[in-house]
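For clarity, chains are labelled A, B, C, D and E in written order, and residue numbers in each chain start from 1.
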Amino acid sequence: MNFPILTAIMLAPVAGLLLILLIPEREQLTIKITAAAATFVSLVLAVLAYVQYDHARGGLQFLQDISWVPGFGINYSVGVDGISMPLVLLTAIVIFTGVFASWDMTQRVKEFFIFLLMLVTGVFGVFISRDLFFFYLFFEVAVIPMYLLIGIWGSTRKEYAAMKLTLYLLVGSAFALIGIIALFLYASQQLGYATFDIQTLATVKYDLGFQKFVFFLMLIGFGVLVPIWPLHLWSPDGHVAAPTAVSMLHAGVLMKLGAYGLIRAGVFLFPEGAKFWAPLIAVLCIVNVVYGAMIAMVQRDLKFVIGYSSVSHMGYVLLGIASLNILGLDGAVSQMFAHGIMTALFFALVGNIYHKAHTREIASFGGLAHQMPRVAAGFLIGGLASLGLPGLNNFVAEFLIFMGSFTRDQALFGGILPFRILSILAISGIVITATYILRVVMKTFFGPRKPEWDHLEDARGVEMVPVVVLIATLLLFGLLPSLQIDMINNGITPLVAKVEAAKAIGGIF
Amino acid sequence: MINHAWLIPVFPALAFPIIIFLTRRVRPLSALVGIAAIGASFVMAVGVLREVLLNGVTMAHPVEYASTWLGIPGLLKIEAGVLIDPLAAVMLLVVTLVALLVEIYSVGYMHGDPGFSTFFGYLSLFSASMLGLVLANNYFMIFFFWELVGLCSYLLIGFYYHKQSAARAGLKAFVTNRVADFGFMLGFFFLFAIFGTFNFRELAAAIPSYQNTGFLALAAALVFIGPIGKSAQFPLHVWLPDAMEGPTPVSALIHAATMVAAGVYLLARAFVLFASLPGIMLLVAYVGGFTALFAATIAITQRDIKRILAYSTISQLGYMVMAMGIGSMTAGMFHLMTHAFFKALLFLGAGSVIHALEEQDIFRMGGLYKDMKVTVSTFVIAALALAGVPPLAGFWSKDEILAGAFDHGFTGLYIIGTLVAFLTAFYMFRLIFVAFFGDRRAGLHAHESPLTMTVPLVILAVLSVVSGFVGAPFVSHGFSSFVYYGEPHHIEPNYGVMLLSTIVALAGIGLAWLLYGRPSDVPARLAERYRSIYKLLVNKYYIDEVYLWLFHRVGLGLAEAFNWHDRHVVDGVFDGVGDVTRLSGHKLRLLQTGNLQTYALVIFTAVVIIALWMAAPVLGGVIQ
Amino acid sequence: MANWHLLTVEILTAALGLGLLALGLLVPHSDRRGIAYVATAGLAGILAVAIGMREASGVVLGGYVIDPFGTYFKILFLVAAMLTAVCSYDYVEKMGLNQAEYYALLILATLGMMILASSGELVSLYTGLELMTITFCILAAYHLGDAKSAEAGIKYLLLGAMSSAIFLYGLSLVYGSSGTTVIREIGQQVATRGASPALLLGTIFILAGFAFKVTAVPFHMWSPDVYEGAPTPVTGFLSVASKAAAFAALVRVFFGALPDLHNFWVQLFIALAVLTIVLGNLVAIPQTNIKRLLAYSSIAQAGYLLLGIVSFSVLGVGAVAYYAMLYVFGNMGAFMAATAFYNNDGSDEIKDYAGLARRSPLVAALMLFSLLSLAGIPPMAGFVGKFYLFMSIISRQYIWLAILGILMSMVSVYYYLLVAKAMYLGNPPEGSKPLQVAPGLQVAMVVSLLILFILGIYPTPLTNYAMNSAVTFFMP
Amino acid sequence: MLDVSALLFWLLAAITIAAALAVVLLKNIVHSALYLVLTFAGVAGIYILLQAEFLAAVQLLIYAGAVAILIVFAVMLTRRGDIKASNLYNFNYLAAGVVSLALLVIIILGNGRMAWTAAPAPAPASNVAAIANAFLGRYAIPFEVAAVLLLVAMVGAILLARGGKPER
Amino acid sequence: MITLNHYLAVGGLLFCIGLFGALAKRNAIAVLMGIELMLNAVNINLVAFNHFLAPDQVTGQIFAIFVIVVAAAEVAVGLALVLNIYRRRLDSNIDDLDWLKW
C-alpha cells in the first residue's frame, strides 16, 4: 500500500496538538511555530494530493481502508474525489493561514492552538471520509472545540454566540444523524449486510417516500451548517464573536461541511429526494442571497457584514445544488472553495484591524487606506472576489452556478413559475452584493484621513502571509479555472449521472 | 501580426503587476513601463490594421482563433479567443492610440501625485482589459473584460480616495454598471440557453434561423441593458457625470473615448442579434435618441467644465446608440472613432486648464486664450469637430448618422438628432466663450502646460481634423466599405442633410456668441424667466435625487426592515424556543418539593395512572 | 454440586467485603489508609478474575445464571467500584472514621448488584436488590457530619422500601399467575398460559419497582435529593452501578420472563422513556449544584437506556450494555472531578468551578470530556453508545422517539456546556491555588479519560462483547 | 354455610384489617405501634389458616417480637411533645387516600378477574422439612445473601445510630 | 368456601392501608409501620398463592421468609436513621426533611 496521504493530512494537526501538549505554556513562539509547522505539513500534503490526483482515472483516490467495527460495517475508509479534494485543499490553506492570522494571540496560547488543531482534524476527517459513520463522527468533532474557541477567545457577546452556534449545529446534526441511521438500516436490509460505505449505500434503491423523508432530514441537518434560511442565525453571531482564526475556519470551511454533506449524503444517495426538495432549496436560497445581502447592507459591525455576506454567498451554493445539474453542482463546489478562501481573507483582515483598533464599528472608521494601504488593498480584493469580479475564483464559481440554475428547465407551481425565474431572482443578488461590499470598503477605507487612527500599523511580516496566500489562491483559480473545475467536474459527473438516471419526479411545488 | 494579436492586451497586462510590485517606488520607471507597454500594443494594433487591410480580412471573413479557457465536456466551452475583423481592428487602433496619448499626457498631468505609479498601473490594467474586450470572440469573454474595465473605472474614479465625493462616485459608477451587467448577463444566459454557445460567430450563424423571436427579443433586450449602463444611456446614465471625480486623463480615456464606447462596441458585435429584431432596434434607437437630447439639454446649464463634457459624452453616446438602432452600424462606429479623438482631446484640454488653474467652474475662468494658446486652440478645434462644423471629423460622422436616420425614414429621430446638433454647438461654445475668451478673471495665474501634455493635444487635434475623411461620403472604399453589417455599401452624400446640420451647428455657435460672447445679462434673465425649466435642467431632472431616494428610503429601508425581522422575528423564534425550554426547566424543577411523601405519592399515582391507561387489558380484558 | 466455581466472582467479592470488615477491627486507626488500598487491590484482582471468566456460562442451583451478559455487568460493577474506591481515599478521610466499613459496604453493595445481575430467579433477585438498596442507604447517610447526608439516607430508605413493596407485590402476582419464581420457567408459563389481568398488573408493579431503581420519570424523584446529599463518590457509584444493575435485572426479567408480553410493556417503557428524557434534561438546565445537575443528567441517561429496552432487540440490549459501560466512565469521570474539586474547595456549586481549567487542566478536561461523553459528542465514547441506542429504536421505526431523544440530548449539551463555560470561560477567583489531587486519583482520572476516548474511537472489542452478551435473550 | 375455617378466616381478616386501620388512623404513635403488633399477629393467624405454620412462627418471632419492639423503642427514643398528637397526617393525606383507594380497586378488580390455575400436586407432608431443604438447596444463594444483608444492616444500624462526630 | 381471592383481597386491603399510612403520616416511624403493613400484605399473597396454586413446593413461603428478613433489616437501618436525624433535629417528622429539593 502506498503512503496514506489523506490520513497523514488529517493526523498532522493531531501530531502538532500532541506536541503542543508537551510544550510549556510560556513558550508561546514555539507553540505557534509548532502549529504552523503541523498545518504546513497538511498543506503541502494536500497540494501534493491535489496535483497527484489522476484525472484520467477519476473517482475516489488515495484510498485507505481499515476495518473498524465489523459488526456494523463501520470501516475507517478514506479517499477523495473531485468534490472533496478541493475542499481538503481549502481546509489546508485556511488553517495554515489561520495560524498566521492568530500570530498575535497572547492569551492562553497553548489551549488555543490545541483546540484549533482539534477542530481542523475534524474538518479534514469529514472531507476525506468515505464511511458515513466516520463522516458524521468527524462532523461533530469539529463542534465542541469551536464552542471553547469562541467562548474563551471571542469578543462581542461571545458566550451567547458560542452557545447559540453549538446548539444550532448540534440540533442540525441530530437530524442528520437520524437520517444516517435510517439510511443505514434501510440499506443493510436491502443489501443483506451492514455497511456505512457511501459508495455502496448509493447503489441501493430507496423507495420514494423514504428518499423524500431522509433527504428532508439531511436538508435540515446539513442545511443548518450551510446555513440555510431561516436556520442561519448562528452564523453571523458566531462569525462576529469568534477570534480571527476561528472565524476564518468557521466561515471558510465549517459552513462547507454542510453543503458538502448535503451533496454527498443528500443528493448523491437520494437523487429522487433531491429532485423533490430542490424547488424548496431554490426558494430558500433566494431568501439567503437577497435577504442576507440586504441585511449585510445595514450592518454596523465589519464582521457582521461579512457574516451576513456569508449567508448570502452560501445561498449561491444552495442554488447550485438545487439546480441538480453538472454546471450548477460544479459551481456549487467551486463556490464553496472560493467563498472559503475569500471569507477567510476577509476575516484575516478584519481581525488584523480589530486587533489594532479594538473596534469594528464601521462608522468609527474612514480613510483607513491612508494608514493601512495593504489591508485596504487586500480587503478591496476580497470585496471584488465577493461581488464576483472576473479573474477571481468566485466569479467562475458564481458564473457556473448561474449557468447551471439558468439552464435548468423545470416549471414549478403547476407550470406557472419556471425555475429560471428563481434563478434570475437569485442572480440579482450580485447587484446588492456589489452595493454593500463597496459601501463598506468606501466607509472604512476611503475618505479623509482620520488622525485618531494614525497609530495603526499596516499589516506586515507574518501578518501578510494569510493575505498573500489567500489572494494568490483566488487569482490562481480565477485566472486558470480549469485547474479547479476539471477536478470538481470529475467528481460531479458521476453524481449527476446518478441524478439523471433517477426517476423523474415533480418537485414539492 | 494578426496571429499574434493576442499579445496586444498582454503587454499592458504585464505592465500592471510590474508597476505595482516592482517599480512603484521609481516613478519615472513606472511611467516608462506603462507607456512602453501601451506603445507596443499600439504598434501591434497598427500592424493588425495593416494586415486586415492588405490581407482581405473583412467583416464576413474575420480571423478567429481560440483556446479553451474552461471546458466542461458536452456542456460548456468557454474560450479565450481572438476575433479580428475590421471592427475590432479599428477599435484596437482607437483604444491603443488614445491610451498611448493619454498615458503620455499623464506623465505631465500626474506629476507630483503620490499615487503616480499606481495610476500608471491602473491605466495599464485598464488598457489590457479594454483591449481584451475588443478582441473577445465570445460573450463570456467580453463580459469578463467588461467587468474588468468596470473595475478599473471604479479604481480610477476613486483614485483620490481621500475625497469622499470621489469614493462615492466610484461606488455609484460600479453599482450602476452592476445593474446593467446583471441584465447583460441574463441576456447572454438566455442566448446560451437557446443556442448553447457564447461564440459570436456561431451565434451569428444560428440566430437568423431561430424562430421564437419573442424569446430572442427578451434576450436582446436584456443584452441591451449592458450598453445602457456602460455607455451611460438613460436611465442608467447617472454615474458618468459623477465619474468626473477621477483624474482628468481618466475621464478622457475611460469616460469619454474608450470604455463608455464599449457599450456601442458591444451593440456592433451583437449586431446580428439586434438586426433580426426590429422592435428591439427601435427601442435601441429611441433610447439613444432620447439620451442624446436629454443629456444635451442638461449640458447647456452646467457650470463645471468636466461635467459639461460628461453630459456631452452621454449625448454623443446616445447618438451612437441611435445610429445602431436605426441599423447603421457603420455610422455608429464611425462616430465612435471620431468622437474618441475629439472628446479625448476636449477632456485633455480641460485637464490642461484644470492643471493650470485648479479650478473647474467655467464661470470662474476667462480669457485663458492669452496664456494657454496650444490648449485653447486645440480645444476649439475639438469643439468645432464636436459641433459638427465641416470639414472636421465630427461633421462627417454625425452627418452619416443623421443621413441614416433620414434615409431610413426615422423622421422623429432625425429631428431629434438635428436638435441635438444645435444644442451641442451651443453648449460647447458657451463653454468656450465663457472660459477661454472674455475678460481674464482676477487671481488666475494660468500657464501653458508642459510638453508631455501639449504634444498629445496637438496629435489629437490633427486627428480630430482628418479622421473624418476616412468615412466621408466622397471617399471611395472608405469606412463604410470596411466596417459594416451585412453588405458593404457606399453612402451617397445627402446634401440637404449636410446643409441643414451645418446651418444648425453654426446657428448654435452664433446663439452662444450672442449670449456669452460678450458681457450680457441675457442668460441670467432667461434663467429667471424660465426659472422652473432652468432649475429642472440645472438639477439634471432630479434623477439623482430620485435614485437616492429609492436607495435610501426604499432600499435601505427594506434592508433595515429585514435586519429587524432577522434579529427579532427569526432570532426571536429560535431564541424563544430556547427560552421556553429553559423556562420549562425552571418551572418543572419546582415539582421537586423535597418532601419524600410527595415523591411517594407521585410514584403510586403513576402506578395507578398506568394501570388505568392499560385498563383495557388489565382490568377489562386480555390482550392477545 | 459441580459448578460452584462459576460463583468465584461473587464468593471473592463477599470474602473481600467481609474480610475488610474484620480487618477494620484489627488495624489501628492511624493505619486505616491501607484498607483503602487493600480494597482497591482486591477489587482489581476480582476484576481480573471476572474478565477471565467473561465467556463462562452455566446455571447454579437452578436459579442463578452465569452468562456473558451477567459477567459483563459484573465487570462493569467492579470497574465502577474500583473507580469509586480510588475516588474515595481523601473524601472518606475527610468524612471521619469508619473507613473499613465504608469500603466493606461499597464492596457488599457491589455484591448485591452482582446477585441482581445474575439472578435467574425472583427470590435471589429480590435479596440481591435489597442488599444493594440497604447498603446504599447506609452509604448515602455515611457522611455523619452532614445533615443532608442523613436526609438523603432516609429518603432513599423509605422510598426504596415503598417501591420495593410494590415491586414485591408485582413479583407475588407474577409468581401467582405462573406458579414459579424461576425466570425461565415463568417465561414458559406465560408462553403457554398467555396474558392475564393479574400478570399484567404484576408487570406494571414490577415495572414501577425497576423504574424507581433506574430513576425513570415519574419514579425518579428520590434521586436528585439523594444524589445531592450522599457523599460524592457514593453518588457516583449509585448513579452508575445501581442503575446498571437495575437495568441488567430489568432485562433479565422482562426479556427472560415476559418477552411474550412485550407488546404490552413496550408501550409503558416508551412513555417512561419519553418522560424521562424530556424531564431529566429540562430540569437539569436550572441546576446550580454539580451533583444535582449530574443527578438530572443521569435521569436523562436512564431515559436513553430505556430506548434500548423499547427496541426489544439484540441491538437494543447490546446498546444498553455498551452504553452502561461507558456511562460508568463518563459519569464516574465527572464525579471524580467533582470529588477532587470538593476535596480542595469544599463546594459542589457550579459557579465555584470558574476558571477551573486554569487551576487544574486535568480535572477540567476530565469533567469536560466526561460531560461531552454523556452528551454523546464524538469522539467520546458516549457518541457510539447513543449511536447504537438510536439505531436500535430506529430499526423499530420509532423515528419520532429518536428525534426527540437526539434533540433532548442537544438540550443536555446546553447545560453541560454551562459547566464547561464556568470551567473554561470563567476566571479563577482571586487568590485561588492549583488543585491538589492525589496521585492515585490522578491516575484514575487519566485512565478514565483515555478509556472514554478509546471507546469512542475504537469501540469494536467492547461492542462485540456487549452485542454477544445480548444474544442470550433472543435465543430460542 | 360457614365452616370453621371460613369463620376463622373472616375473624382473622377482620382483626387484621381493623388493627391495620387503627395503625394508620390513630393519632397516638404508641397506640399505632401496639396495633401493629396486633396486625402482625393476625397475619400470623392467616398463615396458619394457609397451613404455613413455620412461617407463622417466624412472623410472630421476628415481626411481632423483634420488629415491633424495635419500633416501640424508637418511638420512645424520639418522643418529643405531646404523645397524643404524635402521629398526625401530613398535608397530602387526602390525595394519599384517593391513590390508596384507587390502587385497592385496581388490585381487587385485577385479581378478581383472574382464573387462577392451580397445580395438581398435593401439599407435602411437612412444611418445615421442605423449607429447610430449600434453604440449603435451591435457595442457598439468597440465603447467604440474606445473611450478608443482615450483617450489613447491623453494621449500618450501629454506625448510623451511633452518629458521627460533628463536622470538623 | 374461602377462596384464593378472599386471601388476595385481604392482602390487597392490607397493602393499601399500609400504603395510606406510608403516604399520609408525618412521623417517619409511622411511615415505616405503613411499609411493614405493605410487606405483610405481600406475604399474605405469597403464602396464599403457595397454598392454593403450587402446594408441591414451598417457594411462596420461602419468599415470604426472605421478605420478613429484609423487612427486619430495613426497619433496623431505618430506625437507626430516624434516631440519627432525631438527634440532629429533635424531630422525626418527614415534612421537615426538605433541605434537599429543586
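Throughout what follows, contacts are C-beta pairs under 8 Å (C-beta built on N, C-alpha and C of every residue); 3 or more make two chains touch, one makes a residue touch a chain.
For reference, the UniProt names are A = NAD(P)H-quinone oxidoreductase chain 4 1; B = NADH-quinone oxidoreductase subunit 12; C = NADH-quinone oxidoreductase subunit N; D = NADH-quinone oxidoreductase subunit J; E = NADH-quinone oxidoreductase subunit K.
Computed from a predicted structure; not experimentally measured.
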Which chains are shared contacts of chain C and chain E?
B, D
Taking each chain's centre as the mean of its CA atoms, which one is farthest from the centre of chain C?
B
Per mean C-alpha coordinates, the chain lying farthest from chain A is D
Identifier of the chain whose CA centre is least distant from the whole-structure CA centre
A
Tell me which of B-D and C-D has more C-beta pairs in contact.
C-D
Need the CA-centroid distance for the pair chain A / chain E, whole Å please.
64
For the pair chain B and chain E, the C-alpha centroid-to-centroid distance in angstrom is 96
Using Cα averages as centroids, what's the distance between chain A and chain D in whole Å?
70
Geometric centre distance via CA averages, chain E-chain D, whole Å:
6
So chain A residues touching two or more other chains come to 167
Two or more partner chains touched - positions in chain D
90, 92, 95-96, 99-100, 103, 106-107, 109-111, 113-114, 116-117, 119, 139, 142, 146, 149, 152-153, 156, 159-160, 163
Contacts with two or more other chains, residues of chain E listed in rising order
15, 18-19, 22-24, 31-32, 53-54, 59, 62, 66, 70, 73-74, 77, 81-82, 84, 94-95, 97, 99-101
Here the pairs of chains that touch are A-B, A-C, B-C, B-D, B-E, C-D, C-E, D-E
In the complex, chain E touches chain C at residues 15, 18-19, 22, 28, 31-32, 35, 38-39, 41-42, 45-46, 49, 53-54, 59-60, 62-63, 66-67, 70, 73-74, 77-78, 81-82, 84-85, 88-89, 94, 97, 99-101
What does chain E use to touch chain D in their complex?
1-2, 4-10, 12-21, 23-27, 29-30, 32-34, 36-37, 40, 43-44, 47-48, 50-59, 61-62, 64-66, 68-77, 79-84, 86-87, 90-92, 94-95
For chain B, which residues count as touching chain A in their complex?
68-73, 75-76, 140, 143-145, 147-148, 151, 154, 158, 161-164, 166-168, 170-171, 174-175, 178-179, 181-182, 185-186, 189, 192-193, 555-556, 558-560, 562-563, 566, 570-571, 573-574, 578
Any idea which chain D residues touch chain B in the complex?
90, 92, 95-96, 99-100, 102-103, 106, 109-110, 113
Going by the contact rule at the top, pick out the chain B residues touching chain D in the complex.
595, 597-598, 601, 604-605, 607-608, 611-612, 618-619
